[in-house]
């Protein structure tokens, strides 16, 4: 698929999901590099940077897109000849795609080790990575039980319990409001993430921070499952991120809403859980305390501290 | 209406709502007393206590029912002749019914004084007393704004925003999960109560304790509006109350639920907010800190400390 | 001094200070009672209530004034003949004046018992009762050391250190901002109160709540010395009291202030320390935890719970 | 200006202020290097290290001085020939001076992004960097309001409100003691720093830690504006830093102090705010959570962990 | 047994244990009253007060002794003739002895209701009342498991596990230091008390406050089983009670201790758990939150608030 | 001593103690390297890695063993010829042994600087490094006082007070349960560590976390003295470490235990103190806040983040 076609598909949301977006962009860059004629290093870099910019501009609020591009282009930056740059870029692109595809598998294995036999786990929303940890723990013979929330307004909890039911895992389904009520029975809160900030705050489905607060009140551990490309250098500090609100029509039937004159429907898709309420973040390169988030950002994603400062808006459509 | 008829109507839930149940029981006792022939004090007491027991047994988990019966019968206990007992009972029954009918009006006036001009108020569920405070504050010219939650699974929030919209009050509608996200904008959390325990814990719609916890985290005041007959001597300590769970069919469409084999639907109607997260309880006899709850119970409802110890189960159908 | 003259003197602030205002009002009522001709009980009551109202209206925001009037008039309420009423009133007025005069002496003795040999005490503002405790502890041979704050904007700390210096007590003088810095060296925070609310919150000189917060952070005990007439039934809940602000000219030289166009001088005289940061309140009738404040209000001052609900504004000129 | 003259001027406090001291030292080293005859690398290093030691000894408690010297000398350490060393040193000295001069400007731009339209900001003392953020936010069209404290004993708050008034920013002036009282109205606390320690604790004007504690109690964000040369490797741990006390004569008129025999004037210029009360530190190289302070110290200032252990005394005259 | 003989036996610790001391004193007073010749009320009172004083002086630090004496003598205070006084006193003495003997039985029934099927309970020291609750819960068919601590230095935990083992209850034995380590597995901490103070603080075996702190950290409920005669009016505030230290020879073999020259053996028998770490106190007259402790003291034991202020020393030998 | 002999001695616990085990392994590797014939790099590596594996397998749960092996082998990894590898390995082995031997000496000097004149220090268990800090502070002339706990079940506190007594330091000996009771008198808690995890949690003798919690409650600093080889990359998160329990026979005399049928003796040797309760970790390369633990692990011990994820069991016999 051509570079411009991929850019178009990402922009028009025909390609969705943090992982798929990232891989599509890298594949498009790889194909594009193959089409480029031999040239000196400067020309090659210029062409590749131009292509990267084209892709990066398609979805300015996606977290995984700049991470992926940055990661693969860094191979070019360090190369000393055009030939080296091409081959280094190719190798790095292959690595990225492969490890991205395997990320959830790796997370599942690492995360399952942090689940003990007999644990009662609370999960919120429908995170592929979090569920993979739970299913892997179940598969390895641990007897576990899950509480899953409804996840208003889009009811993703129904997908979650379907998945858990299919896997034969004992599950309880509760409204979002009941999380604190049941917290005393919970041994572990395990959720995914839409983004992890430099200081280890976790941007995730609205309601996550409330659950993490209740877990913290009860000294229950909170574990987050997140691929490294979810780590967002530009989201400096949790509380200071700007959370985009979705349309309100998910909250009320339109015919009901139409009768109200003084009521605004407020529909933020995410909230921010501060790092002091998070005990562990499981990534495909290892499990870390949230305070080490910036290590992932610097050493695995390649960002420098002076790039952390840009304002950041997070939008739901770019994460899912 | 005859005593047995009223007892039957309460048992069969044809009479519902904490206030209505209480008043119906007192009215039935009053009518019953009028039918009794002249007798000595002992006989009169015996007959009235028998009637009270009949009524009290109809709904063992209602909070207002024993409060009302206890309150009016105490007039008989202190009387020294049958004649005195009759007239004291009549006076007390009248007082109870009148003050019960006026309770919300009184609460609204007292509660509105604790709302300041410019306040942004978060409310949860659909409490007549809490909304009366808000509407009274608005009526008295204070410019206020309200955040109202959806209140899953029965969506009582829709009734709340309808009421606020009709009153011309600027309102925001959010999912239950978004309470902590918006807490920094909130000046006051104002909710009702299904029961208040001896130590000032508040039993209210599921989700209330989560909101109060988030308010506490942000040093936002939590005010509870509750008629005195909501104060429950037998609910010793918040955390130790047994909360009855409702049928799960409110949580999922039955055709969906039918396909699940490993999933239990858990549907507690209430949770318990500990007194350290409550700043003020507004009753019709004055506003008190939660630590004075037992004063209401002892001095306004007439219970003694050695009656506080009975186990208590709270059930939704008896409160609404 | 005639009733109207005393009323005038209180209104015009020729009589100042919580204790002096209270005693002057009681003395005026006592003299007024002596001038009344013999009459029936109803007439006597009417006359005395009228006089009380006249006095009470002079300073609606004083705490001690309604407490004193209420206390002495309660003798009349319970009397059954005019003669009884007169003599009961006289006795109660005498009791009030005597115990009010001795209150600080009693507080000093009780409070000094809570100071241990070797204690380092932090005090804020210039409370006669708090200093009396410190001086009594020193007099009884305990080796103590005091940290006293400056108390901006009116520098009452200078009066405090003068008093402590005269008493020969080792004292350190610090700016208000340094309280937390030195808190690790402090064994006891000991302050006075301008008012104590029903739930045990303490209204005192601006800065007190900040010091109590820092004490709480360091698990240092906070003891408040307060005469019973400082307990204010109408101040329901600490955080909800309205604190009157003084003129800003205490904050800046007028010639400096005159050059500023966008600056407002904000000068609240008091703040509110929540009861969870107060360990003990020493009164002349005994030392109590803040949760028992309403016992003082009900049993020593004679207020009922349904009188607690009135809004309350606290103003500095009425306290000092 | 000659090396010895600069050393003398720094020692005698003719050169003051963290930034100016740092730049003067670097300029003196640069001039000195220019005067040195051609030599081998070892000789050049020895001469430069000698000069650095001379300068470093002038003010052992300054934070910026060793940071600046260390930063520029590291160029020499890595060079392999004398010629390389000279030119690398020159380049690095130029970089340091330029970025130091621009630091406040950079901080203002980064910091202003963390101020939202409508924010009410509390600031303490008179920090050039913190005020630059506020003024930049105002300049960019955000409607903001400021609370500024008096800052006893030297009243630097007057300079602050003069600056804000000149900038046309709506400002409130309060005594230091009133910070907690107004905290509920504050959206953001924004202060400067005299030093930032390895673990992210902030040494700043006395009173800062008290304000940060009150902000923490109310879940209000605390942002610190600090140039990188304020980061102090030798101040391992906030609470364990030794804070030098100033003369007490700032606290009381001498004629008053002279009359006191038992009173000591205690005048610490700074206090230490622990990192858990700080949300963000804005530097000229980016905004970081306090937990990343050591990254600044290691990667921007060039210190190693085994140099962090030296005891450290902070003195006011070296910071201002 | 004669009055003086009983006084002697109590003083010489031939009579031990809070309950036994209290009952012995009341019995001695009852016998003594029977020996007194008919007289007027004043004479009878004088004689009885003299006898009470004799008994009270035997063990000034016992909690139950003054409670018992106070309780039975209050019958005399209210009587209007000598005959009334005698009979009222007799009745009250009988009541006291009977209810004291039944107290543990009553507590067991009330306390067992607060234990749920499946609960894991941590207990510390060897409290008859706490163990009675556990055994009653087990007897009533609830499946429970207990963690019992060693209780250094006197190893009372061994008696506890012997009792639990005999009752057939599944028990774990741990060192005192391991309480926090196992707290996540614990559903309920259940301990006795040597004294309960006016504000609800609990004086109990050294180590209790540490366990309660760890329970509070993990949101685990703490329940205290205490007879009403353990409530101590003179122990105003937990933290301010003076705890007597026992001889150090329980801590080390004397031959070891003899070789140490710089080591002091510190052996406090009790510590004080603040009321905010206690959820419920189970007494024989009902279960109360700690904030209602003074109700027990005033209404069941008959003390007035102005008697609360005396200093109080608690000594182990008087409690056991 | 031959490689196999050393491996045998470590396995059979003839060599004990974290430091001694580490040094013995390094010495065995060094001797083994000397016996190897000249070869190419690949062969040399293979032989050395084989030897390392042999040693590493002897005690899979020791913390210092893999740290030491890893550290010295990293010299081989980076070498480019066999000759380089040999000499680099030799140098690194020498460095390790020397710095390991000096580690306690270095820690003592650094740690003593964090003890102030007049400090009262609480220590738990018998840590050579912690005691060295205390003794060094005493030796340097600071007047200090120590509280030492008994340390059940093995009474290591007796060794501690013997050491302190011999050093002439004023010491108090208390049961483990009394730590919170005395915490208000303590200025500093100073303990050793058996392991430090990646996120700065401290694994140490059972009871340490309880003391640190009580210190945190009272704002008392907690300092941990730990050699760098105690830092354990595989212990990701404190709370999630698996703590091995020892035999229960240390808890009770066997003849007593034999009579119990329902009692299990639970004897965990360690617990985990979360990093938020630790203020400073003193190592031989400097003092760090716990958040920098992973810096030690990465930069001084040479582990990568993706090696942090392995599960980890800590066993007492390997630490002592």
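Going by the order they are written in, the chains are A, B, C, D, E and F; count residues from 1 in each one.
As a working rule, a contact is a pair of C-beta atoms (placed from the backbone, for glycine too) under 8 Å apart; a residue touches a chain by one contact, two chains touch by 3 or more.
This one's a predicted model, so the numbers in the text were calculated from it and none came from an experiment.
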Minimum number of chain-to-chain touching steps separating subunit A from subunit F: 1
Chain labels contacting subunit D and also subunit E: A, B, C, F
Pair sharing more residue contacts (C-beta pairs) when C-F is set against C-E: C-E
Geometric centre distance via CA averages, subunit C-subunit A, whole Å: 58
Subunit D and subunit F, separation of their C-alpha mean positions in angstrom: 37
Set of subunit B residues in contact with two or more other chains: 217, 276, 291
Pairs of chains found to touch, sorted by chain label: A-B, A-D, A-E, A-F, B-C, B-D, B-E, C-D, C-E, C-F, D-F, E-F
Residues of subunit D defined as touching subunit C within the complex: 147, 150-153, 158, 161-162, 164-165, 168-182, 205-207, 209-210, 213-214, 217, 243, 248, 251-252, 256, 259-268, 271
Of subunit A, residues touching subunit D in the complex: 198-199, 236-237, 239-240, 276, 291, 294, 305-309, 311
Residue numbers on subunit B that touch subunit D, as the complex places them: 184, 217-219
For the subunit C and subunit E complex, residues of the former touching the latter: 110, 113-114, 221, 276, 279-280, 285-289, 291-292, 295-296, 299
